[in-house]
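Both of the next two complexes hold chain A, though its partner changes from chain B to chain C.
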Partner chain A sequence: MPNKTFFWFFLPTGLAMILFIGLPIISTGIQSFYAQHDQVVKEVKKCDPFGCTVSIVVDNEETSKIREAKPLGKFNGFGTYTDRNHLAVDEIKKFWNETENFGAFVDQVTNLPFYKALIFTLTYCLFVTPNVLVLGFIIALSLNAVARKIRGPLIFGTILPMIVTPLVGSLVLFWMIDSQGIIGANIQNLMNDPYLSLKSSKTLTWITIIIYGIWHHSPFAFVVFYAALQTVPQEPIEAAIIDGASRFQRIKHIVLPHIYPVVTFVALISLMDNFRVFEPIIGFSAEGSAQSLSWLIYDNLVNEEVILFGSAAATSMMTIIGIAILLAPVLIRTWKEFKTAR
Partner chain B sequence: MRKILVTLLFLLFGTSAFADCNIKSGSINILANDFPALRTFVETSKQCKGSADFKVTHSSEHNKIAVPALTANPSEFSARIAANSSIVPLMNQDLIRPLDDLVKKYGKGIQDSQLITIDGKVMAVAFMANTQHLYYREDVLKDLGIAIPKTYEEVVAASEKIRASGKMQYPYAAAYKAGWNLAEEFVNMFIGHGGEFFKSGSAQPNINNAKGVATLNMLKKLSELSNPDYLTHDSEAIKVEWESGNVALMTLWASRSGTLLDDEGDPNITKATKLTGPATVGGGNIPAATLWWDGFTLAKNRPDADAEATFRALAHAASNKKMVADAADQAVWLVEGFVPGPKSIGVIEAVKMGAKPYPMLPQMGLMHGALGSEIVEFLQGKESAEQALKDVEAAYISKAKEQGFL
Partner chain C sequence: MDYGLDTKSTRLKTFNTIFIITWLLIACFPFIWTFWGSFKVRADFFSRSDWWYAISAFNTLIETGGQFTTNAYTQAWTEGEFWKASKNTIIVTVFVVSISLFLGTLGAYALSRSTEKYAFWILMAALIFRAMPHITLVSGYLFPFFELQIWGILPTTIVVLVAINQPFTLWLLYSFFKTVPKELDESALIDGCSYFQAFRHIIMPVMWPGVITAGLFSLMLAYNDFTVTALLLNQENHTMVPKIQSYLGTNQHEGNLMWAVSAVVSATAPLFMLVMFFQRQVISGLTAGAVKG
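For the complex of A and B:
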């Protein structure tokens, strides 16, 4: 496609992206550098049905004056980024100086909310993404081999986990693993431990969420791989069969190299999706044991009665940076291939 | 005699026709939490909407909607049904209007005790009270010869006895779901120990002390007597546990008693379900519970005509003797004419015992949020009580700094 045609072709999408993705990100970035003004409070008498007390309230007149002068808030620089609830720079320095061995240091650091969430997010990505790729590929290969007649219903069945809304899917599993649910009760029987609970143990909660993630995301990999498999040319495969190549050899030397760009694509999208893991945490009510970066943002915005825009903005920016770092190797590789292809 | 006559006349005329408050214009749009008593309240106010527009949103997610919706100008809602804790963010952001003039003009039936005044200005009109208190299974306690527990120490002893008898594996339940619910249980227990959340006159946290440790240890003891999934159980989940007969002692909101004692579910369990006041803890004399009110507030960013119409409709419900008589078992109404029934025992006992209201401080929401996530690891046995309290204070301080409270 000539560049000019491409430009006009891309323009509407590009504009929409700038308007709905680019500008909000910039605005979030600016917001992350600001904190609220110092609160002006005053002592007043408060009366309710249970009696009167002297208590403090925010002085709205004074506050609105300050707010009008500087609507964005108090400039805080990287203050929010480095505070205890985010990168916790001071705390980490302190832990480093105070703890005796590396294990204790790691313990202290992983007790900080941001690092706790980062570790869960990364663990989730590292376990779910490769498994999704492998499982999706195996399902695609198997389905590609079954008789055409039953393929339709089978494909439909396979992509069901993706059709089911994530929240509903996780809720169904949540009830099944309840200590009185079908899976939870059976595991208790099997282990002979009436106090075993999949929901209260941190490790088991993590495993549950990861398994759910694989179950939910595999169909996406499958659909893309299955489509790619339809484009594999039959001639080289027939030639390989005549040469006596085994099924495994054919897949390794012909099929995989052919669909390699698609694998990269699926890996990219999966990584991006998994880094933003959120719904299963809500669905499984797993806030106690598993927090992800997205959940931290959600928590800052809705779980408190006071909304922490600065905190949420800072975590959002760091999530974007995190995704960029994770994707960098794949992107660089794609870029190199793109250049050599030209 | 005259009183009886007046009452009879009132009944005659009060019930025969919908009270029309003669509202000619304006539009009414209410945001409220979702439980039976609030639905009754809003329905009652609708009866007198006259020719005004009437809309209502009942949502358990009301806290998430309120501030953004009322910040808009004109605001989406003309009224918000709030409670002690949820009025604070509205006050912090200056989103609600004083009601003095409206109360004077249209608030004839509203009692003075219903008015929430802050700095001499009426900011809300309360209509019901709520608290968390003990529920017990009479049959189970009787069988084992256990007296009705009055303190949390007795709750622990009773639960251990029930467990040892083999009747129930997890005899105790409370809403310990990580987040808001768990933090609320901490707040109750900490107040029961006589704790103050902040150093006096400042926003500096004050929970990392002996009282805080005692609070956490009591929560842990209780959690060990609860279903192992306790960190995922909210009020609704423990209500279900109770109704399936798995629990003999429970701390739950008074406003849920109506659904526990209704005709649905096993009649034997319903019959044996009894209510009592909240328990004390650690030898203290005030209950380990907080008092709550629910009341209505009016949005600031809304034309005066809407505010007037909304106030008149809501005031009609907030002073409605017929409503509190008909729905006597749905809530502890603060409205004149309410005769407390057996389902209000919990709140009435709590008030008698001198329970404190939930702290209505501008920075309390941040403390509540920090508690909800930072004490989980202690309950899971992953860190010490002191470390957990240190984490809460540190998390709170960072948030309070960002919000300008410190």
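For the complex of A and C:
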């Protein structure tokens, strides 16, 4: 296809992606260097028969004037990145000097909002992704052994958790495990502890969200693995059976190596999706004990008094860097393959 | 796996059946339960005293005189203005699907027929764009949109969703276009067609399965989106998913949980029916990128 034709064919979609994905990333970058204006204060002298008092009040007129003149806020450089709500450089230095042992230091640092969110996000990725792969593979193997006639409805039932939006999926689960729901109430009875509930314990909340993540993502892994299983060649398996290989050995030495490229694909996609975990936190109303990076951004953007553009943008930039680190091995590998292919 | 040689023991078969039934229960029961509970009153579905009320409809009988009630639905759809939210969802979905398919087929066709190096780099850039968390993009949109005064209206959201959806649509359609033999359009070009005519009259007619799959995924993205619609639309223009969230209530105002339950059922039912009908296409779309390469 000549370059000119390519250009006209690609122009509409290219324009959409540049304008609404490329530029916003740049806009986020710029915003992250600005912070909202401080309120302008003025001294007001109030005199009454008993004497004069000077009080400091917010000058609304001046404040809005400045906001109008420079809507982006004041230039802050890397100030937002290093403040207490983000990388918290000063706080960490202070903790390092003040705390006696390393455990206490880690404890202090993980209580800072950004690190708290980062740790939750990473924990979520770390637990959900491998479990999704394993569970998805087991479901695929087991459905593959069922008679072909009834597979259709079974597959439909299996993919339900995946096609609903995460907010709805987590709500549906939350309504069951809440202290007033069917599972939650029964667990309370079983444990004989009327105060046992999801919200009361941080660990329980984390476990619930992770279980939700596995429930929501496994169907995707299942579908891809199931399709890959259909392409596994029959002859080597038959040969292995004749040679006396057990079922487990056949899976380990023939099926898994065959579908290995697909495994990396699923792992990558689900890692990318898990890294942006956010809606389940709202669905489970777990803001108190579990915050993710995406949730921090959302929280800044729905702030009631003044939207914290700068703060949200700084967290966004660091999230993007995190994604880049996750993607780097794949991109490097693809680039190498591309170079050798030429 | 049915290989004549592979005989399964009865024990393995039983184990397999039990496993599948357990998994299906875990996967489907929450939805069945929510559907059942949406026809009860709040005191039954969220019972403090006894969860069995949700089955025996103890409070529903007292409050409404029947085993089942559709009060939650009628209230959510009228008082809760869920009709407005579903109208908005329909508008957003229809426009997002048609625009993304139009842009996506053109772009993916060009990518699949180009032998130049930049086609590869464009696909890689699309992959990176696909990985961007939507919320980081939204934090980039909000400020410029406020300044341009285009925040809160449906067209903005539609354009944004189309753009966010493009990387995935491009990859999906690209892998479908690759399966259409090059000779087909080459012969049309020799016969004197322009590239656009070849695309329009030769390629598109054989591409319908791929287009339907890509359309389904655009539909699911637009229909299910929370991040973009919740932050870029004003109250008046909210679509279904942010509307459901607003029923949950916040610290400041009490929500109406039963509205949320019935709204969840109302929003999920069409989606399930769609997937039931187009199951084959959904699965082929999910696997297109993975299995073929």
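Quick note on the criterion: the second predicted complex is superposed on the first by the 269 of 342 C-alpha atoms of A that agree within 3 Å, B and C clash if a C-alpha of one lies under 4 Å from a C-alpha of the other, contacts with A are read in each partner's own complex, and residues count from 1 in each chain.
Convention: a contact is a pair of C-beta atoms (placed from the backbone, for glycine too) under 8 Å apart; a residue touches a chain by one contact, two chains touch by 3 or more.
As the structure is a computational prediction, the values presented were derived from the model and not from experiment.
After overlaying the two complexes on the shared chain, residue contacts for A:173 are found with chain C alone; chain B is out of touch. Judged by the touch definition given at the top, the superposed model places A:302 against both chain B and chain C. Residue contacts after overlaying the shared chain place A:47 against chain B, while chain C stays out of touching range. In the superposition on chain A, no contact is made by A:321 with either chain B or chain C. Legend: residue contacts after superposition of the two complexes on their common chain; A:241 is shown touching chain C, with no touch to chain B. Chain A is touched at more residues by one of its partners, and among chain B and chain C that partner is C. In the superposition on chain A, A:9 makes contact with chain C only, not with chain B.
Residues 178, 285, 302, 307 of chain A contact both chain B in one complex and chain C in the other. Note for the complex: chain A touches chain C at residues 1, 3, 5-6, 9-10, 12-14, 16-17, 19-28, 31, 71-72, 138-139, 142-146, 152, 154-161, 163-168, 171-173, 175-176, 178, 180-182, 185-186, 215, 219-220, 223-224, 227-229, 231-232, 234, 237-238, 241-242, 247, 262, 265-266, 272, 275-276, 278-279, 282, 285, 293-294, 297-298, 300-302, 307, 309, 312-313, 315-317, 319-320, 323, 326-327, 331, 334, 338. Listed in rising order, the residues of chain C touching chain A in the complex are 1, 3, 5-6, 8, 12-13, 16, 19-20, 23-24, 26-28, 30-31, 33-34, 37, 45-48, 50-51, 54, 102-104, 106-107, 109-111, 113-116, 119-120, 122, 124-144, 147, 159-160, 162-164, 166-167, 170, 195-196, 199, 220, 223-227, 231, 241, 244-245, 248, 260-261, 264, 267-268, 271-272, 275-276, 279, 282-283, 286-287, 289-291.
Against chain B, in their complex, chain A makes its touches with residues 35-39, 41-42, 44-51, 55-58, 60, 63-64, 74, 76, 80, 83-85, 91, 111, 113, 174, 178-179, 194-197, 199-200, 202, 284-289, 291, 299, 302-308, 310-311. Against chain A, in their complex, chain B makes its touches with residues 63-64, 67, 84-86, 88-89, 91-92, 94, 113-120, 126, 129, 169, 177-180, 182, 227-232, 291, 293, 334, 351, 355-357, 360-363, 365-366, 368-369, 372-373, 376-377, 380, 382-383, 387, 391, 394-395, 397-399, 401-405.
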